[in-house]
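Take a look at the structures below.
In the two complexes below, chain A is the common chain; its partner is chain B in one and chain C in the other.
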Partner chain A sequence: MNSIAFVIIGILTLTGALAAAILPRLIHAALCLVMAFLGIAAFYFLLGAEFVGLAQILVYVGAVAVLIVFTILLTRREQEDVHIPVNWGGVLVGVAVFAALFWALLKTPLPGVQGVEIITVKQIGQVLMADYVWPLEATGVLLTAALIGSLILVLEKKAR
Partner chain B sequence: MFETVDQIFVIAKQQLLVLLGFAPYWVLQIISSLVNIAGILGVFLTLFALISLFERKILARFQNRYGPNRVGPFGLLQPVADGIKMLIKEDIVPRNSDAVIHFLAPIAMVVPTMLALAVIPYGNGMTPFAIDGGILFFFAVGSATELAVFMAGWASDNKYSMLGAMRAIAQMMSYELPLIIAVLPVVMIVGSLSPDAIVAAQGRYVLGIVPHWFVLTPWGFVGFILFYISALVESNRTPFDLPEGESEIIAGHMIEYSGFKYAIFFMAEYFGMFAISGLAVTLFLGGWHAPLPFLQFIPSYLWFFLKLSVLLFVFIWLRGTLPRIRIDHMMMFAWKFMLPMTFACVIAAAVWHYASGGLYGWFGSLLVLAVAFPLLTLLLKTRQNLSVRTYRYAE
Partner chain C sequence: MTLTAYLAVSIALFAIGLIAALSRKHAIFILIGIELMLSAANLNFIAFWRFAPEPHPPTGVIVAIFAIAIAAAEAAIGLALIISAYRHYKTTLVEKMDSLKG
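This part shows the complex of A and B:
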């Protein structure tokens, strides 16, 4: 049952990702990317990582996708239909990254699937607030700095 | 006897599964899910038909007229007539529109709202989809509707629909923050993201008579009001119905939709209202628990739907009473008032937690909120700031 679901979700995710890469209209590509994001979230659910899957949907579909879509919207429409020749350098980099990741995956010793307990939200919270509290706080400070930085950029534009 | 009536749906489902006991386990799982889905759809489609009638009736009362009363007794068959009308209407797709996305947008709109309905406990042991992170699930699927609104607005290839979609996304994103943070105090106090655990935590009665609902604590009361205002915005209801704004942008992102697709948008809006009101009931109003101990003989699901209908009535009441708010006022309200106030709520809940409830907790959290509220209104100088409108993008 799980392997059937794995194959179906895998096909959908890969189709979405591929379509995002090759579709000519940017909005279509962005929406197909959302499909790939949802597929990845489904993989997390399949593995029993409920919290990560929900966070994936909340962050990537709810925020990142909307951000991408807004960016496309606020840029000009004429630029969409310009025909771009195949970028062979990009293809080369893509293949290289894929090969490196694939090689690393093959080399990594994977733990057995059996006996993996499902981690609850509470456990994640306890780990975050006890063991990893300093990295968490540092991330918070970094994000706040980024927020203030973006605000300052906008304010300068207004003053001009 | 009372327990049988209370558990009648749960028992019926179990009996059905026992009858089908010969089937393999995964078939049973699928059947169990399908029964839950059929239950949700049946109940909420009926409720949708009813509320579409009662909303018009109640609004008519507010405006001193009769409302629909021609079809069937008291106009009760009006939803059926509306449904048939919507079904046989011509489905118009604009020539320049993006046909695929135009078609997918209503579906992408209604699916998340239906999913969100699945995690709410409707009665004792009646949560269709009980997962550990139910509250998180609710907001995760809820955030997907923004994209659907955008799809509708963009695919229609119409200036008004695009403007409506931009407005909708702007206000939904702005109010999602106070909405989620208003939930945080409840999650902090209960220590769980599961709706069932949150309802169970509100099952006690203080002094044997006062229900232990979170709305009756200082932080819970303020949190409930903040949550409810954000819920109004998220479901695009008056006074925050700017995305639809009939007098300015006709119907916003729905302008190029007709017939059944329009009906689906309409349905998604109401399903969203049901879901978010249901969550408000679960979080603050004690879920399916009875308000008084001696009223517990009334089945739990009836209590849930009674509370739900009260909240829905307030939605309609506000629609009949308040004018539409201006967009800059609304944005300012979200970022300058709602957000700091929800944080004050979180602090008040923390004070309550460390005083371990009781009288000290009550006064402590009340003090935090009593300081935060006047301070915010003073700092914002609401009266001076709201009077002048600055045009930044439309010159």
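This part shows the complex of A and C:
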């Protein structure tokens, strides 16, 4: 049961990611990216990290994908969408990195059993507020700074 | 499923993201590739946490949550930069943004 779900989710995720990487039209690629993100969230659920899966759906599918679609809408030029030559050197580097990492994975002995219990949101909250409270606050400051910075970047300059 | 299977999926995702980031000329595709690579790293963290030999504090989950938050900030800044560059250059193709080219 678990392995069937793994195979199905894996095929959906990798197909979505590959389509997002190679489709010529931006809007199709953005929608396929949503499928890849949903597949990754399903992997998190399968691995017993429900909170991270929900955060993945909320942040990536809910916010990042919508941001990408809006950026495509705001920067649309009909003639730029298709017929752009692909840099084949980049493809070669990507395939080489894949081969090297896969070879390293096959050479490495790894534990095969699942050790940790499934974690609850209550435990995550306790750890976040006790041991990781400074990183949590720093992340809050970082997100505020990113919000203000992105607003300043896209602000229209008024002509005086 | 074993840890090796999850790591293989993660490697494939990373390679696809790298191909998207290196081979496309469009700035939004480069950002999509970077997001895919970040997601592959997150999947690695969760998989290694799940298959850890003894019960640890949930470090992998915490790291993944922080990485998701920082990826959201990165995507917002990146897309704002793309819109800003589009206003300036009237294009989103990175090869046309060559003012600094010697």
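Structural remarks
Everything that follows uses one rule, which is that the second predicted complex is superposed on the first by the 125 of 160 C-alpha atoms of A that agree within 3 Å, B and C clash if a C-alpha of one lies under 4 Å from a C-alpha of the other, contacts with A are read in each partner's own complex, and residues count from 1 in each chain.
Note that a contact is a pair of C-beta atoms (placed from the backbone, for glycine too) under 8 Å apart; a residue touches a chain by one contact, two chains touch by 3 or more.
Keep in mind that this is a model prediction, so the values were computed, not measured.
In the superposition on chain A, A:Ala63 makes contact with both chain B and chain C. Counting the residues of chain A that each partner touches, chain B and chain C differ, and the larger count belongs to C.
Look at A:Leu147: by the touch rule set out above, it reaches chain C but stays clear of chain B.
Residue contacts after overlaying the shared chain place A:Leu73 against chain B, while chain C stays out of touching range. In the superposition on chain A, A:Val93 makes contact with chain C only, not with chain B. Of the two partner chains placed around the shared chain by superposition, chain B is the only one that A:Val34 touches, whereas chain C remains out of contact.
Applying the stated contact rule after C-alpha superposition, one finds that A:Phe51 touches each of chain B and chain C. In the superposition on chain A, A:Leu101 makes contact with chain C only, while chain B stays out of contact range.
In the superposition on chain A, A:Phe6 makes contact with chain C only, while chain B stays out of contact range.
Touching of chain A by both chain B and chain C, each in its own complex, is seen for residues 51, 55, 63, 70. By the touch criterion stated above, chain A contacts chain B in their complex at residues 1, 27-28, 31, 34, 50-51, 54-55, 57-58, 61-63, 65-66, 69-70, 73, 120-122, 158. Across the complex, chain A is touched by residues 1-9, 11-26, 28-29, 31-33, 35-36, 39, 42-43, 46-47, 49-58, 60-62, 64-66, 68-77, 79-84, 86, 91-93 of chain C.
For chain B in complex with chain A, the touching residues are 26, 98, 101, 131-133, 136-137, 139-141, 143-144, 146-147, 150-151, 154, 166, 169, 173, 176, 191-193, 392. Contact residues of chain A toward chain C in the complex are 2-3, 6, 10, 13-14, 17-18, 20-22, 26, 29-30, 33, 36-37, 40, 43-44, 46-49, 51-52, 55-56, 59-60, 63-64, 67-68, 70-72, 74-75, 77, 80, 84-91, 93-95, 97-98, 101-102, 105, 110-117, 119, 123-124, 127-128, 131-132, 135, 139, 142-143, 146-147, 149-151, 153-154.
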